[in-house]
Amino acid sequence: MIAPSLAASAASTTSTGEAVQFWILAVVAVLGALGAVLMRKAVHSALSLAGTMIVLAVFYLANGAYFLGVVQIVVYTGAIMMLFLFVVMLVGVTAADSLKETIKGQRWLAGLCVLGFGILLMAGISNASLKEWNGVGRANAGGNVEGLASLIFTKYVFAFEITGALLITAAVGAMVLTHRERTERAATQRERAEQRVREGKQVTPLPAPGVYARHNAVDIPGLLPDGTASDLTVSPTLRARGQVRDVSGEALQDLKALEQRSSEWLERGRSEDADANGKGAGK
Amino acid sequence: MENLIGLLVLAPLLGAGVLLCGGRRLDRSGPWLGTLLAAVSFALGVVLFADMLGKGGEERALDVTVFQWVPVGGFRADVGFHLDQLSMTFVLLITGVGSLIHLYSVGYMAHDERKRRFFGYLNLFLAAMLLLVLADNYLLLYVGWEGVGLASYLLIGFWQHKPSAATAAKKAFLVNRVGDMGLSIAIMLLFTTFGTFAFDPVLTRATDAGEGKLTAVALMLLLAACGKSAQVPLQSWLGDAMEGPTPVSALIHAATMVTAGVYLITRSGAVFDAAPDAQTAVVTVGAVTLLFGAIVGCAKDDIKKALAGSTMSQIGYMILAAGLGPIGYVFAIMHLVTHGFFKAGLFLGAGSVMHGMNDEVDMRRYGGLRTYMPVTFVTFGLGYLAIIGFPGLSGFFSKDKIIEAAFAKGGTEGWILGGAALLGAAITAYYMTRVMLLTFFGEKRWQPDAEGEMPHPHESPRTMTVPMIVLAFGSVFAGGLFSINDTFLKWLEPVTGHEEGHSPVSALTVTAATMVVLVIGVAIAWAQYGRRPVPVTAPRGSLLTRAARRDLLQDDFNHVVLVRGGEHLTRSLVYVDHSLVDGVVNGTAASVGGLSGRMRKLQNGYARSYAVSMFGGAAVLIAATLLMRAV
Amino acid sequence: MNPVNYLYLAALLFTIGAAGVLIRRNAIVIFMCVELMLNACNLAFVTFARLHGNLDGQIIAFFTMVVAAAEVVVGLAIIVTIFRSRHSASVDDAGLLKL
Amino acid sequence: MAFPLLTLTAAIPAVGAVATAAVPAGRRTAAKWLALAFSLATLALAAVQLVRFDPGGTSQASSSGGAKGPFQLTESHAWIADFGVRYELGVDGIAVVLIALAALLIPFIMLAGWHDADPLETRSSRWRPTQGFFALILMVEAMVVISFEATDVFLFYIFFEAMLIPMYFLIGGFGDGAAEHGEAGAAAQRSYAAVKFLLYNLVGGLIMLAAVIGLYAVTADQLGTGTFSLQEIVQARAAGKLDIATTTERALFLGFFFAFAVKAPLWPLHTWLPNAMGEATAPVAVLITAVVDKVGTFAMLRFCLQLFPEASKWATPVIVVLSLISILYGALLAVGQRDIKRLVAYASISHFGFIVLGIFAMTSQGQSGATLYMVNHGVSTAALMLVAGFLISRRGSRLIADYGGVQKVAPVLAGTFLVGGLATLSLPGLAPFVSEFLVLVGTFSRYPVAGGIATLGIVLAALYVLVLYQRTMTGPVKEEVRGMPDLRARELAVVAPLIALLLFLGVYPKPVTEILDPAVRHTMSQVHQADPKPDVNDVEAAK
């Protein structure tokens, strides 16, 4: 258990175990953060971030914030990050972001500011006289959760209540924002059919994806008679993501090979036939 | 008695107020009301004069302070009057001649629909002129000084639908303002020097101040006098001022207002006496102007402008005399008074002639009028004899004395001044004879007027002839009356002081010389205009004649240097104001606009871009915090 | 090991998150980076709680989580809404302050 | 507690503004009369102030037991205690006269602008331009009055700046639409002028704000508690408790002076005035130059000189030169103008040069002259500009060249115009002469050269006035001018009292100078300046 070691660590150093843990996990956290920033796809970013958050949860625990560590995992990594993933899914993840900058000089300036800011922040921390480490041992003596609870419900009770109100408001707000009031009657199937006919674009239902049993999957477009892929057969989302597996080339290749083979086979057969015929005729 | 002085000024002022604000209902009675108030003023003047005669020489001066005008700190200006023999002389001249000319105007302006206004202005002039001569301090004098300027402006431009009249009025006011500037600077100098500008303390203590200061004051006063009395170099307005109705020319631009400069110099005698350099300047101005005016007078064909040149020249005599110091003050004033009579008479005569000749002013289109307008002819003739100094008439006495005094100045200066004065007398005889001959003698050279109507000369109505006759009496007898027993000298001496000059030539010689040049002048004029027929259109003439017709190119000089230069200056300043002063401001605005246009590009609408600046700001804040901690 | 290393790590993670916010255009990823920054802060809070020997830091971290949860809920809802009408999750496309 | 007369004087027009603005759309005549009534009530209160003001007395015991000083009828209440801002009012001779001037001119401005907002009225107008016009004028009046009364620097600052808002709308919202560029061009010109006015004055105000805060910082630093009270600062300085460093004092002085010089306006900060006066309607132009701008010159006297006497002396040579440039430059530019209202504006710049010159000549004649000049200039410009406005409204053009011979068809209009012009050129007998001469004498006795140069201004003044008169009023009657009606009764009622006042103050300015004199003497003593002694100084004694 880590707690006893923490209780002892009123000094300015930590236990070796914690040091080892820190150095390993810190690298992971930074990598995760970088991943969140640099990954082209939002899903990947979210996953990297989740990793970082889990690492942070461990650090919370290491710092004696047991309750927070658990909350971090449950609420943050569990709930919030999942929310992110849902939204990524909802929004459709229009492929990967292009990382090309569009605002002139933005990246340079951002880099400069961030670099300067980081350096200054570090300098500030190194400047601060943080010699005395009290450790949370005593504060946690009655149990971390109990300690927090007694603070939250006494000293921070107003803040707590207000935060509660905030949460409710946020929930309501989210609903209001995302809810779409349907203001007109939904079109019936007949009406939609009629409209389709009127517009004359695509009267029939969209063609199904995938032909040939081998590739009967949603991400594979159906092939037109000439062997080219038809965009209509796959979902636009997949198309937008570039996740369409265009097998037309392969299929055509296969077809060609098949035809070759069959023709070869037929050729032989035919010559045999011819022979037979000739023979027969010659007979 | 003291209260009467105030009334003296108030009467015409009241007239002006009533006439100008009274509206249409006074249109008919207005002229008579104005005349009446002028006469009331004259009557009051006479009462005061009688009162003054009853007192001894030294006690004659009356001082009355009406109210404190501008009491500010150490600066005290009062509305107060000072009536002594000098002002009395002026009061009588102004109100007397003024009343006569009011009367004359009743006839002269009978057909003008705006005559109510005309009489209002005339009354305003009288009030201002009286204020000028009665003021007991320079600031109040200045009020009168500008007041007469205003009246002169209004009256010259009375027929303001004529652009030439409006321009002449403006010119007169502006040139006068230059002179006024001199007067106001003089007052400021007096204030800084003496701490006051009332006549009494300043003049009695004048010698306490340094000569330099006094010279400056005197020169500034001279500038003022030049402006008001149309002396070189500020004489250019007087000729144009003849655009005004003739009674105005007679009253303001001959008899009274233009002599205000002489009054100013005489009044400030103590200052001038203590500043000999300034006196030299005064006599120079006087001598130059008397010749200048005379020469201009010779060349003009416009009867009023010829008389205006003559006025300028005669005032030159007065200024010359005043510049001579105590030798000349009395004679300057004496000439001023006699000149007031005969020149007013001459102008009224000229007005009468014009009245009869459909407002024609070109003497070359007159001729032979003596039989048609006998009264005018006689009175004009007497005025003519007086001005050329015909023995026994007014001008003879006053002008002769001035010439004597000029010689009496002594030294080279005396000879030069005396010579100039003599030469002036000769030229006076010449041009006045010319006027006389061209107008009343010779054959008729009448021309149809603008509407093609031939003039039918006739004698003017009684209201016009009576003043002319009265003034003719003055022209004939005033000089003689003044000179008997040196009455005038004794009358004024307590105020102006007097000393006998030591002339290098005897008085008799001077008189004889004057007679000789007079005869020469008349003879030449007769030779030119009496014996030969006069062409209706002026011949081209010699260079001098042509220059003299254009006021010896003074106007051209003004036009080129002042008017053109001023126009260029203002135009370039308008440009500077618009493009430089405003340009700097508008430029700043434009550059701020340009800068914000560029800055606007930073606001590109991308949230990420804003985030960067936010973040950068945060970084800067942290840096600042760290730096502050480090420091 | 000095526990201050946790703080350095927190700073590093925060900075990386910030970089992500500034560089990425996909609103969802940006949101994730914000979460990363919040988590970095939480780590710092927890570490400081250990430093000071009391639980206040943990409480704050707890509140941060709650608020972050609320924020994510609303934020994602907004993203979904925007996506519905604009068919894009790029923040650059939502520059007009209207749908 | 004493009767809050000063507050009431400022509050009445403010209430009037709200009341006028609240008049419903259809009742615009009622709104006009209501506004006029309120302005007259203000005038009555200003008259009460004049009566209750005791020129000889130094100070009445105020309700707060306030400090001794030149101010009377004082009111003092804590306002923003944390920053030492107080609601302090008080008037000295100068203020009480200027309040009377403002209160006097406003009814005339209203009468003159009786129909100015009418063209903007449309049948369905919900904007109520007439109500707006009159309410804004009253608003300006309220702010001007309180600016004259405030003895707390911060309080003054607030209203000094707030004045800009109603002025902005008055300039930009109402015009005679008589520019050379047609209606659209006129609107563009007008908004340009309004924005220019606002920006210029805002910049000045901003710099002043910095100086105000600086002043607070200095007092807070040295007195322990910061204060904005003019009285307290002046007394602390006199008692030696407050010793502002030379550099600081100069910087603060410049901050204040800049704002006032913009408002005044002094060359080269003047260019907003011709635009504003040219584009605004004549009554609003009068409001700008005769009422609002006076706050600038007034504040120079009250704040610049009293708060920073040493710095004022230090800056005097430069300011004297600037005012000389203003005088001559304004006059020369007036000569060169083609637009009647702009001409008057440049003439005003020239006159403001005289006022500033008089203030900074640091002689009692100069300062009395300058304060009297403020009054006289207000009245004379009002007379000239309002008549010019009547003229323009008849012909619909501001260009001088469009007129000629008006004298023949409208003699009364021409006559009043001439009187206004003559007052502008400081003809003796009319009020401005007295003040101008005092300024000149005061300047001359300390700076003879400057006084001499300034005298050139009187020649140039004659030039621009007479040229204007000649070109518009005299000469042959122009075709477009024919049939122009003469002044109507309402217009005559505006002009005649102003002219009467000009005459009265020209002949008998003593009632005004008596009130001004002690205040000026007080200011002079604040600056530690005495009049130069004449060379021959025992003249009076010798008598």
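Letters A, B, C and D name the chains as they come in the text, with residue numbers starting at 1 for each one.
The working rule: contacts are C-beta pairs under 8 Å (C-beta built on N, C-alpha and C of every residue); 3 or more make two chains touch, one makes a residue touch a chain.
This structure is a prediction, so every number in the text was calculated from the model and none was measured.
By count of C-beta pairs in contact, A-C exceeds the other of the chain pairs B-C and A-C. Centre-to-centre separation between chain B and chain C, using Cα means, comes to 94 Å. Averaging C-alpha coordinates per chain places the centre of chain A 17 Å away from that of chain C.
A separation of 106 Å divides the Cα centre of chain A from that of chain B. One simple way to say how far apart two chains are is to compare their mean CA positions; for chain C and chain D this gives 61 Å. In chain C, the residues that reach two or more other chains under the touch definition are 18, 22-23, 25, 92. Touching two or more other chains at once are residues 604, 606, 608, 612, 615 of chain B. Chains touching one another form the pairs A-B, A-C, B-C, B-D. Against chain A, in their complex, chain B makes its touches with residues 604, 606, 608-609, 612, 615-616, 618-619, 622-623, 625-626, 629. Within the complex formed with chain B, the residues of chain A that make contact are 103, 106, 109-110, 112-114, 116-117, 120-121, 123-124, 127. Remark: chain B residues 20, 67-75, 79, 117, 139, 142-143, 145-147, 150, 153, 157, 160-163, 165-167, 169-170, 173-174, 177-178, 180-181, 184-185, 187-189, 191-196, 200-202, 204-205, 208-210, 213, 566, 569-571, 573-574, 577, 581-582, 585, 589 touch chain D in the complex.
Across the interface of their complex, chain B is touched by residues 196, 199-200, 267-268, 270-271, 329, 332-333, 335-337, 363-365, 368-369, 405, 407-408, 411, 415, 422, 427-429, 433-434, 437-438, 440-442, 444-445, 448, 451-452, 455-456, 458-459, 462-463, 466-467, 469-470, 473-477, 507-510, 513-514, 516-517, 520-521, 531-537, 539-540, 542-543 of chain D.
Residues of chain C that touch chain A in their complex: 1-9, 11-20, 22-26, 28-29, 31-33, 35-36, 39, 42-43, 46-47, 49-56, 58-59, 61-63, 65-74, 76-81, 83-84, 87-90, 92.
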